[in-house]
Structure formats: structure tokens, C-alpha cells
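There are two complexes below, and they share chain A, which is joined by chain B in the first and by chain C in the second.
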Partner chain A sequence: MNMHAQPQRTLAETALIDAFGERLSLLPGDGAVMVKRDDAIEAIKHGLPTRRVESWHYTDLRRLLTSVPAFEAGDIAKALDPVLDGSAVLPVLNGVSSAKAPEIEGVTVERLLEKLTDGSIAPGLDRYGADDAIGALNTAFVADGYFIDIADDAELEKPIELQNLQAGGQTHVRLLARVGAGAKAIIVERQTSEGGEAALVSSVSQLVVGDGAEVTWLIVQEQPDTATHLAQFKAHIGKDAKLTLFVMNAGGKLVRQEVVVRTTGEGADFKLRGINLLAGDTHTDTTMVLDHAVPHTASTEVIRNVVTGKARGVFQGRINVHQYAQKTNAKMACNTLLLSDEGEFSTKPELEIFADDVVCGHGATVTEIDHNHLFYLMARGIDEKAARGLLVKAFVAEVIEELDDEALVDALEARLDAWFSTHG
Partner chain B sequence: MLEIKNLHARIVEDGTEIIRGLNLTVKAGEVAAIMGPNGSGKSTLSYILAGREDYEVTEGDILYNGQSILEMDPAERATAGIFLAFQYPMEIPGVATMEFLKVAMNEQRKARGEEPLKVPEFLKRVKDAAASLNMDMNMLKRPLNVGFSGGEKKRAEILQMKLLEPKLCVLDETDSGLDIDALKIVADGVNALRSPERAIVVITHYQRLLEHIVPDSVHVLYKGQVIKSGDKSLALDLETNGYAGVIGQAA
Partner chain C sequence: MPAVQETIDRVRKIDVDQYKYGFQTEIEMDKAPKGLSEDIIRLISEKKGEPDWMLEWRLGAYRRWLTLEEPTWARVHYPKIDFQDIHYYAAPKSTPGPKSLDEVDPELLKVYEKLGIPLKEQEILAGVRKTDASELEEANDNVYKSGRVAVDAVFDSVSVVTTFKKELAQAGVIFCSISEAIREHPELVQKYLGSVVPTSDNFYATLNSAVFTDGSFVFVPKGVRCPMELSTYFRINEKNTGQFERTLIIAEAGAYVSYLEGCTAPQRDENQLHAAVVELIALDDAEIKYSTVQNWYPGDAEGKGGIYNFVTKRGDCRGHRSKISWTQVETGSAITWKYPSCILRGDDSSGEFYSIAVSNGYQQVDSGTKMIHLGKNTSSRIISKGIAAGFSQNTYRGQVSAHRKATNARNFTNCDSLLIGDQCGAHTVPYMEAKNATAKFEHEATTSKISEDQKFYVMQRGIPEEEAIALIVNGFVKDVIQQLPMEFAVEAQKLIGISLEGSVG
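Then we have the complex of A and B:
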């Protein structure tokens, strides 16, 4: 991953390498899986990426990951109530999937532990590029998670919530989903911790959206400010299939959420909607790499950020339009509301276009609260604090309301209110 | 109810003096019209009454029920009963109109020590007010003023005024952008609010609105001062002869 030889290993690098040696006998996997693990730890031995690695320029992982907690975690009594009422919850508690997952009609659920043990998912453990540090960390240590398979033409009546919950320590989880042709599903990926102990979480989600399928995938990340959260979401979108990915980052001390998406069939449609609610002395990075790999595919990306305190945020959005991918339509926007002098947000949009008949655009803004809006609300008797709160919430709520599903909108606005009630 | 005494005010940003020794008294129950050519300071006066921070009062005072309001912020003035119907109401994406109305009404109730409105009562009040202004409730499901036509925005202002029941209403060019039917509806809405306890200040360019909202007094504003006051016949005189005559007399 990092071509530069590091002069000396950091505490975190040493801890990860030592932990691998100690954990090796406990990690599930057949020969093929173990080869991938060895390969992955080799990459970590070469050093975590620094700002000299382009895709990590704004998130110098080697410097920012100052320590790594031990694997031991605290107790978790039970899974949390789901974000969306009535969801079927598939919990991963302290890194362990449930042996008695609920039955869901049209869905086959398997524990990843078994898929690692029999080696059937070994090919999926490859990293997606030389700088894929999250993939490497996860592949080295992943011990469990789920594989869910949604049958062709199944229209799920209730959402599925993949709930990754830990009480400190380290967890490395994979969540795999195949959505069959013509199927419809809403899937929530919930990422949070209890107890406020130091935590290191790596979580990799891999999704295949079959031809003509429609998937809404919501990532709700609400880690405490003692947690490092390194996550990756990878998806392939088939012919005439639709994927809406909604990412809400509302916590964590050091967070990187990567989104790696590829349109693989004509008529594929991808929407990324992201909200970053940033507070305290934290660092949150959303990095997207989107490949329009076939003709006639469309994507829109809208990211809204609220920055308070000393928080630092990053959005990198890279859209690759392949030479063959004519008639691509891609639009990307990143808007930031900067509410503090000490906060910062870095945006790096990149369009790499090899086709000649495409419509692609991007825009980025950084603003403060519009004082005309503030005056208008105050002139109706709403005091300054409440008026500011309304305007900040409005700035991000716009992205939520676009989801156009009352249950989703209400549930996400409730998460929004929860954040504002503690950070407002 | 409202006493403006020798008011001088300037734009904070560049120090330009806009209001230059303005005197005006409006009693409870009175409808006062303020007229004047472009650039005379009419809109500035309305913003200063509402407490906009872009303007700074350098001399004089504004008394509301005998108390100076200069140290009060816009929200405090609003909860005290001062309402400005904006000439250009702000579009605020992401703030649902109904949510905004509920928060505004309840914040004002809270400031007065009253209980928040229960949802059915709130909805009833909004529905009744909207019906009286011929407004479609579907409009109120949209974000605040977003995508409203000019006329719809003006109606929405009057709707807010009805719901908030202020004591001093300041209407800044409420007639601009309205066709004749909308003008009548808006004027009826304002007239319905006329009461012995309430004062209404109508800022307008034209006599047209004053045919529908008949004023008790008319004041001509020019270069930041009231240069002439009279009854409703003054407005008719201005309509016929223009501002030049009045300005000439004052000069």
C-alpha cells in the first residue's frame, strides 16, 4: 500500500502486527482465507498510509491512529431497537454474529464465520487497490459478520438491520449481501458502540445489486468519541438496477467511510446521500470512488456537512467514466455549514472522464448560517438559539427529505434530533 | 402605541445615513400609511422597527407602549407583539412551513408564559386562517416560502400575522406583486385584524392598496424624514399630483 519504507513502526502498527501473531490461531478460515490474511498483514507491515499517499492525503492514518485497543470488550446485554420500526435485526455483538438470526421470508442468512471457515468467501477478501488499508486491516482480522442472500423478485416487507454493536475493544466485521434480480430491499447498516471504552472497528460491506433490483442501504454511524471507525462499502449495480446509499456519520473520534461503487449494467442508477454531523475534536472522512463502467448509467451524490467545535471533515469524491461508458450522467455536490472558527472541512472532487458523450458536474460550497434567514425566523419570535438550530437542521434535513419515504424520513430525522439534542 | 422620536439611523456596513430625524406617532386602533418615493427610507424604517442588525440607530428613540425597544433583539420585539410583513419574504429550504408556524406560535406563547398549543388546536387555527386567505393547505406542506409565487408569499405573510396576533403590524409593500384579486384577499385579511387594541402601519408606494385598507393617517417620508402628515385625502392628492408638490412645499 505505501511505497515508502517507514523508518520506524508506530505504536499502532506494532500493536496490530503483534495482535495478528497472537490472534492467528483463533481466526477462522481455510488455507485460501489464511493466504489472504497473510497477504493483508504484509501490507500493514509496510506501514499505514500517510498523507503522502494521495487517497489518504487528508487523513494521515499513520499519524492519526495513535493507539490500538486490546481485543477484550465489555459486556453487551442485547441488541438495540432498530432505527426503522419493525426491522428484522441481524446483530453482530462484540464481533460475533447471532446463531439464532430471525427468519426472513425470501432471504437466506448465513453467519460469515461459517463462510470464512469453509473458505467460500476467500475471493471476496481481496483489496480493491494498493492503498486499501481498510481492506487490509479487515481481511487480516475479520472473524464474523453475515452473508445475506435476497431471492430474485423478493420484495421485502420489512427492512433488515445489520447491527454492528460493540462495547470497546476491537472488532473486524464483514457484511455481505446479494440482492437478486428484480428484488426490493431496505437495509440498514448500524454502526455503534456501548459504554464509551476505546474501540477500533473495521467493517466492510459488500453488496451486489442484481438486474432490475432496487436497494436502499442506510449507514447510520453513531460511534462514541472514543472509537476509531474504519469502514468500507463496496457495491456493484446491475442492469436497470437502482441503489440509494445514505450515509449518516454522527460520531466517532477517527472515522473513514469509503464508498466504492461500480455500475456494471446499462441503466444502472446510483444515488449517494451523505450527512456528516461533526463535533468535538474528531476527524471524519468520506471517500468515494465511483466507476461508471458501462454506457447509459446515472449517478448523483449530495453530501451535507455540519462542522462544529474543532472537528475536521473530509469528502473525496472520485468519478471515473470509462471510455466505453457513453451517455453517463453524473452530478456531485458537497455543501458544508461551518459553525466554528476552529472546525474545518476539505473537499476533493475528481472527475476522470474517458468517454466523450457524457454529462458530468460537481460543485462544493462552504457557508455560514444565512443571516437573512436568521433574521426572518427571529422576526417571528423564535429566539436566536432555536432559530439557528432550525436552520442547521434544515440544511441537512433537505437531504433526508429527498428519500421520499415517510418511515425512513421520520426515523432519520429522529437520529438527527438525537444528535442535535446533545450537540445543539 | 408607537412613538418614533427624532430617529437617526445608518447602514452599519458603510455608515450611510438613511433615517434623518424621523418623528411619527401611531396610536392603538390606528391604521397609518407611510408613503414616499423610492429611496426615501420606507423599507429601512420597517427593518429598524423589526430590529435588523444591518442598521444602527445613532440618535433618537423608538417607544413601543412607552418602552424603548432599541435594546431588544428581533425575537424579543416579535414576542412583545411587533410583526413585520416582509416586502421580500425569505425562502428557507429545509424548514417545513407547518413546523415553522408551530415553533413560532409556541415560542411566542412560551415567552408570554402560556402553554404550547395542542396539535389539533394548532391545525384548526392554521386551517381557518388559510381558508380565510384562500390558501391551499398543500402549499403549507412545502418548505417555508420555497417555490411560492410572489402573491403566495405575501399571503403567507398575512397568514403568519393572523396566527401570531401581533399588536403592532408593519406591512412593507404588501401590495407589490399582487394581482387585483389577491390584493383584495390580502386587504380583507388585514382589515379583519383591525381592532381598537392594534395598530397597523402600511408602507406603500401607491394609493391602490389604500383603497382597500383605508388609513386613518397618511405620512409622507422623504430623505429619511416625515415631511407631511394628513388624513386619507393626502394619499389621493399624491396619486393625482405625485410627490413633487409635497417635496417642493417641504423644501
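Then we have the complex of A and C:
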């Protein structure tokens, strides 16, 4: 949050503060949860972050969040078909979790509403820093979501899809997952809206990966261009555990996806793969803060961006290597194809290193399509439009193909094709 | 093993406790009372014999400054500065303004002699000294012209002497202190001062605009290649003073100038503020090369004392095909906050930034550059090498941006950090902003200690470990050292030589 008192509240700030007052009696939880909510709204009262707050430098939320829709949403009949065939779907429709969640072997599913009501998740509602505006917004208003607990050594046969679906209005959802030691799971976090109504979505996912566990978590964000989507993914990765996080942003009017990850056990391995497909007059920000907090951990991050139309894209990635986190191996790359004269992309890949025996690097590029590549294809009789299409697709598909699960690759490529058929 | 001994000697020299320029000189000073107000600014302006427009300019900046807040975004920490507890003007009593060398207080000359700065014109930096007048003339003819350096010596708030002025004047080059330029060449100063760093630019630049006391002024007219290296040597001597210097360099169409600056200060327990502004203007086809070897007192081994170096340096490639190149070797100062930048306004203009920042003890460095691409076909190149040792924090912070109309903007950035010891930190914060599809930006950064592979490769050729490390460190900074003028390269190499004994392996 901004340190300085704001001279005057914006419409959005006022609307949020008023809404909190009105909804207070409807929000689940008392005692400990209420204390957290009060703290959170206090932070919002100090003003939404502006570009003067370093972590919001390229996404001036105070200026960009011009209006806030009311809480009333349209109707949603049912959950969507999952991204991966055969997944167990846990839907959150208009901010409300399902009372009849499917049975999944080795997995305990609880509605977050219950955990908020009994106050047992209060400690998890803390913000991760003074500038955590998404955490504050979500903590103030969160009413439901899921808590899933995957038993130790459970190897899930089917993926789980957490589906956050709304039809306009405001929803504030939290999705919590604990993956037990030695367990294996694929989890899809689907974020989308139906109908073209204005929506404000805040969604916070919190994941704890137990020692030796292996998790692949996919975030598929396909909001309509009327939605403001403020999301956060937070994870702790235990000893010898592996987390592969795949983030696909292919929609939304104002999007900020934060990724906050910490390696907590030696041998932990984190992979982030992201594709941002940006079109129209939109703003999409992916911000990562990765803490290598213990020795002998590794991470690689590859982000690929395609910018068309008047879209503005942002990638901020900060790797913190703590003082005792020797032998850290961290690599980050952010590559952008800027395809239109009105589009823009800003990137800030940061390294903060306090240990000396480490290998860390980052690379970032922004460019248009390579004319030599284009020439190569056109010389083979492919017309320019098709050649460009091929090159752009190849540029992002490279990241997808790296995933070693065939079903996953096929499903994501299908979504990629869908995006290109409407925006190509 | 001589190589080992050499490394050890170098470490001694760079170690914060071994700061060899830490002596102070007893010279009677004429000081303004502590504090900052409109009256103090009037006093400074009067002391300098400035015209009214200059005073108004200063007062305007001061009023603006009162409305500004100190920036906090840099990765540096220090107790709040009391701006009322500083003398804003301090000048040696005997030297109210630059004079010919004969009239300069011999005590002052001794200071510069001690620092190894050649103020006597017959001295050539390479170390050749001619005493006989006829021999001198001969020497002047024989020695290749660029082998000499014209020096402007700034002592606390004033410039005490500028050398080789006559000879430079023959070529049409104006090289003098800025106070003199305000008096003698007001039309040039009025036209260019503040045109690159406006008075409203940032907290420290605005403060500087209000209270700057001296600095250098260089004007190279159309088509002239400046016949020798120009140099300014800054020395802070007096206690509780701030040094606010202002440098303005203008290269007209087709001109070329290479400028060097060096800085030192006595060893003191208090922190002293140094807030300079440097403006460079390159018109069509002009080239300015600006090199800095910054060696302000860095504080002692416990982090006590040292200079706060809060500097705004910016070059404006105003003309087509112009070029500005910054090279810096930063080894001193308790805190460095410095981002020499290039505004690439002219079509086909180019900017370069080469930097070596070495931090040791409790030093904090937050330095980097900005390359603002505005014109078509502009290019920029950034090479930054950070070496952190002891308890220091070394941050590279750089911005590269291409505006809508900057078609074919091109940037390459490479910043590498080397960590020596496990109590220090190295950080990289690059900002890349592309608003033009034809822009091509590349950025790469690495942080590491010397890799076992590199060391093995060198050692298996029969080179002992310490020597291998020295070789690798030299290789690490070579890209930047190569950009320095020869005389400075030698000094810089000595400054950055660091022992890695005990910290590696």
C-alpha cells in the first residue's frame, strides 16, 4: 500500500470501502478472521498502490481501477467442461463453492466457507508485504473457495480442476491446497467469466508442496475483456519437492497475476512457464517474487509474451537469494514479441543476491518477428500472414511443448489455437 | 610469487582502511554560515558575482526544492540528512577565483601534488617532467598532443585553477570553471544550463540547481576535435560542507571531446554530502566521452563516515548521428546513487555506458544508467560489472525505453556481478520499456562467484590459483577498462585489483 496519505479517494477506493461496510454482516468468520479483514480494509483505506510503489510501478492500480462493479452477478447454470479430459471439477460459481464436491480418492475437499466460519484459516489470511494490495482486497472480502488436502504418497490418477467462474459482479475467492509428502498431482486453476458484464475478481491460491511431492499447477486465465482480474499464487516448496507452475493469460481487461514462491527445503525445484497472449486495449501484469531461502535449490522461469493491438504487458520477476542459500541455481528469461505499433511491453527482471556461491542469471528480450525467419518461410511459398502466424505460434508453443505430459500439451495447444483463431 | 604479492598489495590499497587520499589540509577557509535559505543562495550568487538571471534561476530551483520529497526507491539506507546542518559554501580564503598558477596558494598546490594531479602544465601525466623552459617547448612539440591533460581543480566550493586554457583557446575550445563561464559566456550558459537536467528534475538535482558553487564548463565549437583530454579534479576538504558542483559540456556539430573526472576527500567520521549535476549536449555528429574515476572516502571498516554521492548525470544526444559515452569506475563513497543517462533524441544517435562498481566494507552502491530512445535508428549499449565484497550492497539499476517514434531502436545490456564473501549482496534491477514494435532490446545478467571450471581451465595450464583468480577478475572487468583513456586505465586497474584469497574455493 502507498505510504503517503492520498489526497482524495478515487471512485473505486470509495466503492470498495463502502461495500465493505455494507457487506460486513454477510461475510463469514468472526474473531480472528474479522481482525484480518479489518486490517486489510485499513490498508485499502490508505489508498490503492500507485506507480510510486515500486512493485506496482508499471500497473498503477489506483489509476487503472476506474470503477468497481456491484456484488450482484448474473446467472450461471453449471460448471464448464474441464481443460483436461477426465478431471475432477471443483467449481466456484459466482463466488460460491459447491456443496456436492466429487469424491476423489486420497483427497479431502472442504468448502472454504466452513473454514472461514470456524476461523481455522485465519493465520493464512496475512498479506505477504506492505504492498500486497491483492492480498488485502481478497482478505477483506473473501467469502468462499476450497481447501483441498492431498494425502501423503497419494498419486492422483485424475487431475483436479478448480474452476472459478462468474457472470459479472464481484467475487473474491481463495483456493488452498496442501500436497502431502511424496504425493503427485496435477491441478488446474481455471479463471473465467460468462457473459460480457463488468467483473472484478480477486483470487488467491495458496499451495504447500510437501517433501518429495511433485505438483504441476496450471493457471488458465481466459476472462472476457470486461473483467478486472487480480490474482495471486503463493507456494512453499518442501525438501526435494518439485513444483511446475504454468500460467496462461489470454484475456481480461486489467489483469495482474502475482506469483509468490518460496523454497523451504533443500533440493526444492521450481519451474515457472508462462505465456501471455495480449490483445485489444488491455493491461496484463505478471509479477513474480521468488525466494530461495535454503541452500541447494533450483529454479527456472521462462515467460513468453505476444503483444498485439493496443495491449500493454508487464513482467516483473524478482529472485531473492537469501544469505545462507548457497548453491542456488536460478535462471530467468522473458522474451517478448511486440507485433503492433500501439502495443507496449515493460519488463523488470530483478536479482537480489546475498549468497556468494550461487549461479544466477536472467535474460530479457523485446523484439519483432525476425525478418530472416519470415524470409525463410516465405521463400518456401508460404504467404506472409501464414508465415507470421506460424512463427508467433512456434514462439509460444515452445514453452508448452516442454511440459512432458502429452495430454497437458494437447490441451494447452488447443487453447492456444482458440486464441489465435479469434485474435490471429 | 610476484603476482600474489601484487594482488595482496592491491587489496591493501583498496581496503577501506587503506584509503590513501584521506589526509586533510589546514587552509584558511571562507565559509557561508550553516543552513539553507534564500539568503544563503543570495550570498553564494553574490560571492560568485553572478548576473540577476542566475540568481533568479537559483531561487526558482530552491522554491521548487522546498516542495519535493527525498527519493526512497533506491536500495540504500542512511540516516536522514539534516540539510540545515551543512555549509553550502566554503572556499580557500586566498583564492577567491581561478587565477594563473603562480598566484595559487602553495598550500593548495601541495594538496594536488600529494594527490598526484598534474597542475603544472609542464607535467605530463605519464610522469615526464621538464623544468627547463626551452626543453618544455620542445616537449610540447614532440609529445603527442593527446598525451597531455588540461585540468580544472575544484577545491570544496570553488575552482582554484584551470590549466592549458590558452592553448585550448587557440583551438576555440572554452574550458573554464562554470562560475567564470557565467560571467564570461552568459549567452552559452543561459542557452544550455538546465536544458538536459531541468531545475525540477529530482530532489538532489533541484537542490544542486539552487546552491551549486562550481564545476567545469566546456564548449567545443563546430568541427573542432579538442586537442587534449580535459579533466576536472574534485576535492572535498572542509568539514560539514556539501559539495555541489555543476558541469556543463557542449559539443557543437562535428566536435569531439574526451573529459575525465576524479574525486577524493579526507577521512572523517561524519558523512558528507556531494550532490553534483552533469549535463552533456552533443549536437549533429558530435561525440562526447565522459570518464569518471570516483574515489571519494568510503568510510572506515565499521562503516563510519564517508561521502554520500548523490549525483545526476545526463547526456542529451540532441543532434543526428551524435554519440555520448559514459565510462565510470566507482570504488569510493559510503553511498553512491548515480545513473549517468543518455537521451537519444537525434536520429541515428548512440549512447554507451560502461561501468565498474566495486564495493567493500559497508559501502552501498545503487548505480546504473538510463537509455531513453526517442529518435529513429538509435542504439545503446550497456556493460556493467559489479564487484561486491565485505558487507557491501551493490545494485545495478538501469532503464532502457523506446518511445512510440523510436523506430529501430536497439539496445544491448549486459550486467554481471561478482560476489566475494558471503556477507555482501549483489542486485540487478533492469527496467525495459518498449513502445515500438521495431525496437530490439536484449538484456542479460549473471551473478556468480568465479566458477570452478574457469579456474580449472586456467590452472591446468600451469598457472597457480591466486594468479588464476587475478587473471579471471581482470578478464571480468576488461570490457570496461578498455573504454577508459590510457592514463586512467592504469589508475583504474590498480583501484579495482582485489584479492580473492580466502574467499574462494
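Basically, the second predicted complex is superposed on the first by the 424 of 424 C-alpha atoms of A that agree within 3 Å, B and C clash if a C-alpha of one lies under 4 Å from a C-alpha of the other, contacts with A are read in each partner's own complex, and residues count from 1 in each chain.
The rule is short, and it goes like this: a contact is a pair of C-beta atoms (placed from the backbone, for glycine too) under 8 Å apart; a residue touches a chain by one contact, two chains touch by 3 or more.
Since the model is a prediction, treat every value here as computed from it, not as a measurement.
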**Q.** Touching partner for A:390 - first (chain B), second (chain C), both, neither
**A.** first
Q) What is the contact status of A:404 with respect to chain B (first) and chain C (second): first, second, both, or neither? A) neither
Q.
One more residue to check, A:371. First (chain B), second (chain C), both or neither?
A. first
Q. Touching A:358 in the superposition: chain B (first), chain C (second), both, neither?
A. second
Q: Could you look at A:381 and tell me whether it touches chain B, chain C, both or neither (first, second, both, neither)?
A: first
Q. According to the contact criterion defined above, which of chain B and chain C contacts more residues of chain A?
A. C
Q.
Which stretch or stretches of chain C touch chain A in the complex?
A. 73, 404, 417, 419-449, 451, 503
Q. In the complex of these two chains, what residues of chain A are touching chain B?
A. 371-373, 375-384, 386-387, 390-391, 393-398, 401
**Q.** Residue numbers on chain B that touch chain A, as the complex places them
**A.** 50-53, 73-75, 77-79, 83-84, 86, 89-90, 92-95, 99-100, 103-104, 107-108, 111, 143, 160, 164
Q. Can you name the residues of chain A that touch chain C in the complex?
A. 54, 57, 323, 326, 336, 338-341, 343-368
